[in-house]
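Chain IDs A, B, C, D, E and F follow the sequence of writing; residue 1 opens each chain.
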Amino acid sequence: MPYVTVKMLEGRTEHQKKALVEKVTDAVSETTGAPKEKVVVFIEEMTKNHYGVAGKRLSDE
Amino acid sequence: MPYVTVKMLEGRTEHQKKALVEKVTDAVSETTGAPKEKVVVFIEEMTKNHYGVAGKRLSDE
Amino acid sequence: MPYVTVKMLEGRTEHQKKALVEKVTDAVSETTGAPKEKVVVFIEEMTKNHYGVAGKRLSDE
Amino acid sequence: MPYVTVKMLEGRTEHQKKALVEKVTDAVSETTGAPKEKVVVFIEEMTKNHYGVAGKRLSDE
Amino acid sequence: MPYVTVKMLEGRTEHQKKALVEKVTDAVSETTGAPKEKVVVFIEEMTKNHYGVAGKRLSDE
Amino acid sequence: MPYVTVKMLEGRTEHQKKALVEKVTDAVSETTGAPKEKVVVFIEEMTKNHYGVAGKRLSDE
(Lines give C-alpha, C1' and ligand atoms only; values in the text may rest on other atoms or scores of the structure.)
Protein backbone atom coordinates (compact mmCIF):
# COMPACT_ATOMS: atom_id res chain seq x y z
CA MET A 1 0.00 0.00 0.00
CA PRO A 2 -0.29 2.29 -1.96
CA TYR A 3 -1.09 0.29 -5.10
CA VAL A 4 -0.44 2.11 -8.36
CA THR A 5 -1.70 1.00 -11.77
CA VAL A 6 -0.30 2.60 -14.91
CA LYS A 7 -2.36 1.90 -18.02
CA MET A 8 -0.78 2.88 -21.32
CA LEU A 9 -0.37 1.89 -24.96
CA GLU A 10 2.09 -0.89 -25.61
CA GLY A 11 5.40 0.04 -27.15
CA ARG A 12 7.59 1.28 -24.31
CA THR A 13 10.97 -0.43 -23.92
CA GLU A 14 11.96 -2.52 -20.91
CA HIS A 15 14.34 0.28 -19.97
CA GLN A 16 11.47 2.78 -19.92
CA LYS A 17 9.22 0.47 -17.88
CA LYS A 18 11.98 -0.14 -15.36
CA ALA A 19 12.49 3.60 -14.92
CA LEU A 20 8.73 4.13 -14.74
CA VAL A 21 8.40 1.75 -11.79
CA GLU A 22 11.37 3.35 -10.01
CA LYS A 23 10.33 6.97 -10.46
CA VAL A 24 6.62 6.46 -9.76
CA THR A 25 7.50 4.58 -6.58
CA ASP A 26 9.73 7.47 -5.47
CA ALA A 27 7.02 10.04 -6.25
CA VAL A 28 4.35 8.11 -4.34
CA SER A 29 6.59 7.45 -1.35
CA GLU A 30 7.75 11.07 -1.06
CA THR A 31 4.29 12.62 -1.28
CA THR A 32 2.25 10.12 0.76
CA GLY A 33 4.83 9.24 3.39
CA ALA A 34 4.45 5.52 2.69
CA PRO A 35 7.75 3.62 2.87
CA LYS A 36 9.08 2.61 -0.58
CA GLU A 37 8.92 -1.04 0.45
CA LYS A 38 5.13 -0.77 0.63
CA VAL A 39 4.57 0.76 -2.81
CA VAL A 40 3.34 -1.66 -5.47
CA VAL A 41 3.20 -0.77 -9.18
CA PHE A 42 1.28 -2.61 -11.89
CA ILE A 43 1.74 -1.84 -15.60
CA GLU A 44 -1.17 -2.58 -17.92
CA GLU A 45 -0.66 -2.27 -21.65
CA MET A 46 -3.36 -1.58 -24.23
CA THR A 47 -3.38 -2.21 -27.94
CA LYS A 48 -4.56 0.49 -30.38
CA ASN A 49 -7.65 -1.47 -31.36
CA HIS A 50 -8.83 -1.62 -27.75
CA TYR A 51 -8.58 2.09 -26.98
CA GLY A 52 -10.87 4.80 -28.31
CA VAL A 53 -11.23 8.53 -27.80
CA ALA A 54 -14.16 10.57 -29.16
CA GLY A 55 -15.75 7.39 -30.53
CA LYS A 56 -12.77 6.40 -32.66
CA ARG A 57 -10.22 3.71 -31.95
CA LEU A 58 -6.54 4.64 -32.40
CA SER A 59 -6.24 1.73 -34.85
CA ASP A 60 -8.88 3.34 -37.08
CA GLU A 61 -7.19 6.73 -37.43
CA MET B 1 -13.91 11.92 -18.87
CA PRO B 2 -16.08 9.82 -18.71
CA TYR B 3 -13.88 6.73 -18.91
CA VAL B 4 -15.65 3.57 -20.01
CA THR B 5 -14.25 0.05 -19.71
CA VAL B 6 -15.95 -2.82 -21.53
CA LYS B 7 -14.84 -6.24 -20.31
CA MET B 8 -15.95 -9.20 -22.42
CA LEU B 9 -14.92 -12.57 -23.78
CA GLU B 10 -12.52 -12.50 -26.71
CA GLY B 11 -13.91 -13.35 -30.12
CA ARG B 12 -15.56 -10.18 -31.41
CA THR B 13 -14.41 -8.97 -34.82
CA GLU B 14 -12.62 -5.69 -35.40
CA HIS B 15 -15.77 -4.44 -37.09
CA GLN B 16 -17.79 -5.19 -33.94
CA LYS B 17 -15.24 -3.53 -31.67
CA LYS B 18 -15.13 -0.43 -33.87
CA ALA B 19 -18.92 -0.14 -33.72
CA LEU B 20 -18.87 -0.81 -29.97
CA VAL B 21 -16.56 2.15 -29.33
CA GLU B 22 -18.66 4.42 -31.58
CA LYS B 23 -22.05 3.51 -30.15
CA VAL B 24 -21.01 3.44 -26.50
CA THR B 25 -19.39 6.85 -26.90
CA ASP B 26 -22.62 8.22 -28.39
CA ALA B 27 -24.71 6.71 -25.58
CA VAL B 28 -22.46 8.13 -22.86
CA SER B 29 -22.26 11.56 -24.45
CA GLU B 30 -26.02 11.85 -24.99
CA THR B 31 -26.99 10.79 -21.48
CA THR B 32 -24.28 12.51 -19.42
CA GLY B 33 -23.90 15.68 -21.44
CA ALA B 34 -20.14 15.17 -21.77
CA PRO B 35 -18.80 16.18 -25.20
CA LYS B 36 -17.91 13.19 -27.40
CA GLU B 37 -14.28 14.37 -27.54
CA LYS B 38 -13.97 13.73 -23.81
CA VAL B 39 -15.29 10.16 -23.80
CA VAL B 40 -12.62 7.45 -23.56
CA VAL B 41 -13.36 3.75 -24.12
CA PHE B 42 -11.16 0.81 -23.12
CA ILE B 43 -11.87 -2.75 -24.29
CA GLU B 44 -10.60 -5.58 -22.10
CA GLU B 45 -10.87 -9.15 -23.36
CA MET B 46 -11.05 -12.27 -21.23
CA THR B 47 -10.30 -15.86 -22.14
CA LYS B 48 -12.69 -18.65 -21.15
CA ASN B 49 -10.24 -20.14 -18.66
CA HIS B 50 -10.04 -16.86 -16.75
CA TYR B 51 -13.77 -16.31 -16.29
CA GLY B 52 -16.04 -18.27 -13.99
CA VAL B 53 -19.69 -18.12 -12.98
CA ALA B 54 -21.18 -20.20 -10.15
CA GLY B 55 -17.76 -21.66 -9.40
CA LYS B 56 -17.18 -23.02 -12.87
CA ARG B 57 -14.94 -21.59 -15.58
CA LEU B 58 -16.41 -21.32 -19.08
CA SER B 59 -13.52 -23.45 -20.34
CA ASP B 60 -14.63 -26.29 -18.04
CA GLU B 61 -18.22 -26.47 -19.28
CA MET C 1 -21.05 -10.49 -19.69
CA PRO C 2 -20.13 -7.93 -21.03
CA TYR C 3 -19.32 -5.90 -17.92
CA VAL C 4 -19.20 -2.15 -18.44
CA THR C 5 -17.75 0.36 -15.98
CA VAL C 6 -18.41 4.08 -16.45
CA LYS C 7 -16.13 6.29 -14.38
CA MET C 8 -17.06 9.96 -14.23
CA LEU C 9 -17.19 13.03 -12.01
CA GLU C 10 -20.03 13.12 -9.52
CA GLY C 11 -22.90 15.47 -10.21
CA ARG C 12 -25.13 13.70 -12.72
CA THR C 13 -28.80 13.38 -11.73
CA GLU C 14 -30.54 10.07 -11.07
CA HIS C 15 -32.46 10.65 -14.29
CA GLN C 16 -29.20 10.92 -16.24
CA LYS C 17 -27.70 7.83 -14.59
CA LYS C 18 -30.83 5.82 -15.32
CA ALA C 19 -30.68 6.82 -18.99
CA LEU C 20 -26.95 6.13 -19.07
CA VAL C 21 -27.43 2.53 -17.96
CA GLU C 22 -30.25 2.00 -20.48
CA LYS C 23 -28.51 3.49 -23.48
CA VAL C 24 -25.09 1.98 -22.81
CA THR C 25 -26.69 -1.44 -22.41
CA ASP C 26 -28.46 -1.03 -25.75
CA ALA C 27 -25.25 0.08 -27.46
CA VAL C 28 -23.25 -2.85 -26.08
CA SER C 29 -25.93 -5.39 -26.89
CA GLU C 30 -26.42 -4.18 -30.46
CA THR C 31 -22.75 -4.09 -31.35
CA THR C 32 -21.47 -7.21 -29.58
CA GLY C 33 -24.48 -9.45 -30.08
CA ALA C 34 -24.73 -10.18 -26.36
CA PRO C 35 -28.32 -10.39 -25.11
CA LYS C 36 -29.37 -7.34 -23.06
CA GLU C 37 -30.03 -9.58 -20.05
CA LYS C 38 -26.31 -10.38 -19.90
CA VAL C 39 -25.04 -6.79 -19.93
CA VAL C 40 -23.96 -5.41 -16.55
CA VAL C 41 -23.19 -1.72 -15.96
CA PHE C 42 -21.31 -0.23 -13.01
CA ILE C 43 -21.15 3.52 -12.38
CA GLU C 44 -18.16 4.85 -10.45
CA GLU C 45 -18.11 8.48 -9.39
CA MET C 46 -15.03 10.58 -8.72
CA THR C 47 -14.66 13.77 -6.74
CA LYS C 48 -12.69 16.72 -8.15
CA ASN C 49 -9.92 16.36 -5.59
CA HIS C 50 -9.25 12.77 -6.68
CA TYR C 51 -8.90 13.40 -10.39
CA GLY C 52 -6.00 15.16 -12.09
CA VAL C 53 -5.00 15.93 -15.66
CA ALA C 54 -1.59 17.35 -16.63
CA GLY C 55 -0.47 17.19 -13.00
CA LYS C 56 -3.29 19.35 -11.69
CA ARG C 57 -6.39 18.23 -9.80
CA LEU C 58 -9.72 19.66 -10.94
CA SER C 59 -10.25 20.94 -7.39
CA ASP C 60 -7.08 23.06 -7.70
CA GLU C 61 -8.06 24.86 -10.89
CA MET D 1 -22.95 -10.22 -7.91
CA PRO D 2 -20.49 -10.37 -6.11
CA TYR D 3 -17.79 -9.89 -8.72
CA VAL D 4 -14.35 -11.13 -7.71
CA THR D 5 -11.11 -10.30 -9.50
CA VAL D 6 -7.95 -12.26 -8.68
CA LYS D 7 -4.78 -10.61 -9.99
CA MET D 8 -1.64 -12.71 -9.82
CA LEU D 9 1.58 -13.58 -11.60
CA GLU D 10 1.25 -15.93 -14.55
CA GLY D 11 2.42 -19.49 -14.08
CA ARG D 12 -0.41 -21.31 -12.31
CA THR D 13 -1.68 -24.47 -13.98
CA GLU D 14 -5.18 -24.87 -15.38
CA HIS D 15 -5.85 -27.27 -12.52
CA GLN D 16 -4.92 -24.58 -9.99
CA LYS D 17 -7.03 -21.93 -11.72
CA LYS D 18 -10.02 -24.25 -11.86
CA ALA D 19 -9.72 -24.94 -8.13
CA LEU D 20 -9.20 -21.23 -7.44
CA VAL D 21 -12.51 -20.32 -9.10
CA GLU D 22 -14.34 -23.10 -7.24
CA LYS D 23 -12.97 -22.38 -3.79
CA VAL D 24 -13.17 -18.59 -4.00
CA THR D 25 -16.79 -18.87 -5.15
CA ASP D 26 -17.58 -21.09 -2.17
CA ALA D 27 -15.86 -18.69 0.25
CA VAL D 28 -17.70 -15.66 -1.11
CA SER D 29 -21.07 -17.39 -1.16
CA GLU D 30 -20.75 -18.73 2.40
CA THR D 31 -19.66 -15.46 3.95
CA THR D 32 -21.84 -12.98 2.04
CA GLY D 33 -24.96 -15.09 1.68
CA ALA D 34 -25.03 -14.57 -2.09
CA PRO D 35 -26.13 -17.67 -3.99
CA LYS D 36 -23.25 -19.43 -5.78
CA GLU D 37 -24.98 -18.88 -9.13
CA LYS D 38 -24.52 -15.14 -8.70
CA VAL D 39 -20.78 -15.18 -7.95
CA VAL D 40 -18.53 -14.18 -10.86
CA VAL D 41 -14.75 -14.66 -10.81
CA PHE D 42 -12.23 -13.02 -13.14
CA ILE D 43 -8.57 -14.07 -13.23
CA GLU D 44 -6.04 -11.48 -14.38
CA GLU D 45 -2.44 -12.53 -14.91
CA MET D 46 0.61 -10.30 -14.72
CA THR D 47 4.06 -10.79 -16.16
CA LYS D 48 7.17 -10.15 -14.04
CA ASN D 49 8.18 -7.11 -16.07
CA HIS D 50 4.85 -5.41 -15.36
CA TYR D 51 4.87 -5.79 -11.58
CA GLY D 52 7.07 -3.91 -9.16
CA VAL D 53 7.46 -3.72 -5.40
CA ALA D 54 9.66 -1.15 -3.63
CA GLY D 55 10.54 0.42 -6.98
CA LYS D 56 11.92 -2.76 -8.51
CA ARG D 57 10.25 -5.02 -11.05
CA LEU D 58 10.32 -8.75 -10.38
CA SER D 59 12.01 -9.21 -13.76
CA ASP D 60 14.91 -7.05 -12.62
CA GLU D 61 15.71 -8.98 -9.45
CA MET E 1 0.37 -11.05 -4.44
CA PRO E 2 -2.27 -12.32 -5.30
CA TYR E 3 -4.50 -9.26 -5.08
CA VAL E 4 -8.21 -9.99 -4.77
CA THR E 5 -10.99 -7.44 -5.27
CA VAL E 6 -14.54 -8.29 -4.19
CA LYS E 7 -17.14 -5.92 -5.61
CA MET E 8 -20.64 -6.22 -4.14
CA LEU E 9 -23.71 -4.28 -3.08
CA GLU E 10 -23.44 -2.46 0.23
CA GLY E 11 -25.31 -3.92 3.17
CA ARG E 12 -23.12 -6.70 4.54
CA THR E 13 -22.27 -6.51 8.23
CA GLU E 14 -18.74 -6.02 9.57
CA HIS E 15 -18.91 -9.61 10.78
CA GLN E 16 -19.63 -10.82 7.25
CA LYS E 17 -16.87 -8.71 5.73
CA LYS E 18 -14.37 -9.95 8.30
CA ALA E 19 -15.25 -13.56 7.48
CA LEU E 20 -15.16 -12.80 3.76
CA VAL E 21 -11.56 -11.58 3.96
CA GLU E 22 -10.52 -14.60 6.04
CA LYS E 23 -12.16 -17.24 3.91
CA VAL E 24 -11.23 -15.78 0.54
CA THR E 25 -7.61 -15.49 1.68
CA ASP E 26 -7.63 -19.15 2.70
CA ALA E 27 -9.17 -20.20 -0.61
CA VAL E 28 -6.64 -18.24 -2.67
CA SER E 29 -3.68 -19.43 -0.63
CA GLU E 30 -4.68 -23.10 -0.78
CA THR E 31 -5.33 -23.19 -4.50
CA THR E 32 -2.49 -20.99 -5.78
CA GLY E 33 0.20 -21.97 -3.32
CA ALA E 34 0.84 -18.35 -2.36
CA PRO E 35 1.57 -17.88 1.36
CA LYS E 36 -1.35 -16.32 3.27
CA GLU E 37 0.87 -13.37 4.23
CA LYS E 38 1.07 -12.38 0.58
CA VAL E 39 -2.67 -12.38 -0.14
CA VAL E 40 -4.30 -8.95 -0.24
CA VAL E 41 -8.09 -8.45 -0.32
CA PHE E 42 -9.96 -5.26 -1.26
CA ILE E 43 -13.70 -4.87 -0.73
CA GLU E 44 -15.54 -2.44 -2.99
CA GLU E 45 -19.17 -1.64 -2.28
CA MET E 46 -21.74 -0.45 -4.80
CA THR E 47 -25.01 1.35 -4.26
CA LYS E 48 -28.18 0.20 -6.04
CA ASN E 49 -28.34 3.31 -8.19
CA HIS E 50 -24.87 2.63 -9.60
CA TYR E 51 -25.44 -0.97 -10.68
CA GLY E 52 -27.56 -2.10 -13.59
CA VAL E 53 -28.37 -5.42 -15.23
CA ALA E 54 -30.26 -5.73 -18.52
CA GLY E 55 -30.39 -1.94 -18.82
CA LYS E 56 -32.14 -1.40 -15.50
CA ARG E 57 -30.61 -0.16 -12.25
CA LEU E 58 -31.45 -2.07 -9.08
CA SER E 59 -32.75 1.18 -7.61
CA ASP E 60 -35.32 1.43 -10.40
CA GLU E 61 -36.84 -2.02 -9.90
CA MET F 1 -2.89 8.40 -21.81
CA PRO F 2 -1.21 7.13 -19.65
CA TYR F 3 -3.91 6.65 -17.01
CA VAL F 4 -2.63 6.22 -13.47
CA THR F 5 -4.69 4.97 -10.53
CA VAL F 6 -3.34 5.31 -6.99
CA LYS F 7 -5.22 3.22 -4.46
CA MET F 8 -4.43 3.91 -0.81
CA LEU F 9 -5.90 4.16 2.67
CA GLU F 10 -7.84 7.33 3.40
CA GLY F 11 -6.20 9.89 5.64
CA ARG F 12 -3.84 11.88 3.43
CA THR F 13 -4.27 15.66 3.45
CA GLU F 14 -5.34 17.68 0.43
CA HIS F 15 -1.82 19.06 0.33
CA GLN F 16 -0.39 15.54 0.07
CA LYS F 17 -2.88 14.51 -2.62
CA LYS F 18 -2.12 17.63 -4.65
CA ALA F 19 1.62 16.88 -4.48
CA LEU F 20 0.96 13.22 -5.30
CA VAL F 21 -0.81 14.11 -8.55
CA GLU F 22 1.94 16.57 -9.52
CA LYS F 23 4.89 14.30 -8.80
CA VAL F 24 3.39 11.11 -10.23
CA THR F 25 2.52 12.99 -13.42
CA ASP F 26 6.10 14.22 -13.71
CA ALA F 27 7.49 10.72 -13.10
CA VAL F 28 5.21 9.14 -15.71
CA SER F 29 5.86 11.83 -18.30
CA GLU F 30 9.65 11.72 -17.89
CA THR F 31 9.96 7.95 -18.11
CA THR F 32 7.37 7.17 -20.81
CA GLY F 33 7.86 10.23 -23.00
CA ALA F 34 4.14 11.04 -22.88
CA PRO F 35 3.45 14.79 -22.69
CA LYS F 36 2.30 15.92 -19.23
CA GLU F 37 -0.98 17.16 -20.73
CA LYS F 38 -1.87 13.57 -21.59
CA VAL F 39 -1.26 12.06 -18.13
CA VAL F 40 -4.41 11.39 -16.09
CA VAL F 41 -4.30 10.48 -12.38
CA PHE F 42 -7.13 8.95 -10.34
CA ILE F 43 -6.95 8.63 -6.55
CA GLU F 44 -9.00 5.87 -4.92
CA GLU F 45 -9.25 5.75 -1.14
CA MET F 46 -9.93 2.67 0.95
CA THR F 47 -11.22 2.38 4.48
CA LYS F 48 -9.54 0.03 6.98
CA ASN F 49 -12.51 -2.31 7.11
CA HIS F 50 -12.34 -2.88 3.35
CA TYR F 51 -8.67 -3.81 3.14
CA GLY F 52 -7.11 -7.03 4.37
CA VAL F 53 -3.66 -8.59 4.30
CA ALA F 54 -2.94 -12.18 5.36
CA GLY F 55 -6.65 -12.75 5.97
CA LYS F 56 -7.03 -9.93 8.47
CA ARG F 57 -8.59 -6.52 7.91
CA LEU F 58 -6.68 -3.47 9.14
CA SER F 59 -9.74 -2.53 11.18
CA ASP F 60 -9.48 -5.84 13.09
CA GLU F 61 -5.87 -5.43 14.18
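Everything below uses one rule, namely that contacts are C-beta pairs under 8 Å (C-beta built on N, C-alpha and C of every residue); 3 or more make two chains touch, one makes a residue touch a chain.
Note that the structure is predicted; figures quoted are calculated from it, not measured.
K.L.:
What shortest step count links subunit C and subunit F in the network of chain contacts?
P.N.:
1
K.L.:
Does A-B or D-E have more contacting C-beta pairs?
P.N.:
More C-beta contacts join the chains of D-E.
K.L.:
Please pick, from C-E, D-E or C-F, the pair whose interface repeats that of A-F, with more than half of the contact pairs identical by residue number.
P.N.:
D-E
K.L.:
Note whether the interface between subunit C and subunit E is symmetric in residue numbering, meaning over half of all numbers used appear on both sides, and answer same or different.
P.N.:
Subunit C vs subunit E: different; shared/all numbers falls short of half.
K.L.:
For the identical-sequence pair subunit A and subunit C, what's the CA-based rotation angle in degrees, nearest 5?
P.N.:
That rotation is 180 degrees, given to the nearest 5.
K.L.:
When the C-alpha atoms of subunit E and subunit F are each averaged to a single point, how far apart are the two points in Å?
P.N.:
A distance of 21 Å separates the two centres.
K.L.:
Could you give the separation in Å between the centres of subunit B and subunit F, each centre being the mean of its C-alpha atoms?
P.N.:
25
K.L.:
Two or more other chains in contact with one residue: find those residues in subunit B.
P.N.:
3, 7, 22, 26, 51
K.L.:
Would you pull the subunit A residues touching subunit B in the complex into a rising list?
P.N.:
My answer: residues 7, 46, 49-57, 59-60.
K.L.:
List the residues on subunit D that touch subunit E in their complex, please.
P.N.:
Answer in residue numbers: 1-9, 12, 16, 19-20, 22-24, 26-28, 30-34, 51.
K.L.:
What residues on subunit E touch subunit F, complex-wise?
P.N.:
14, 17-18, 21-22, 25-26, 36-45
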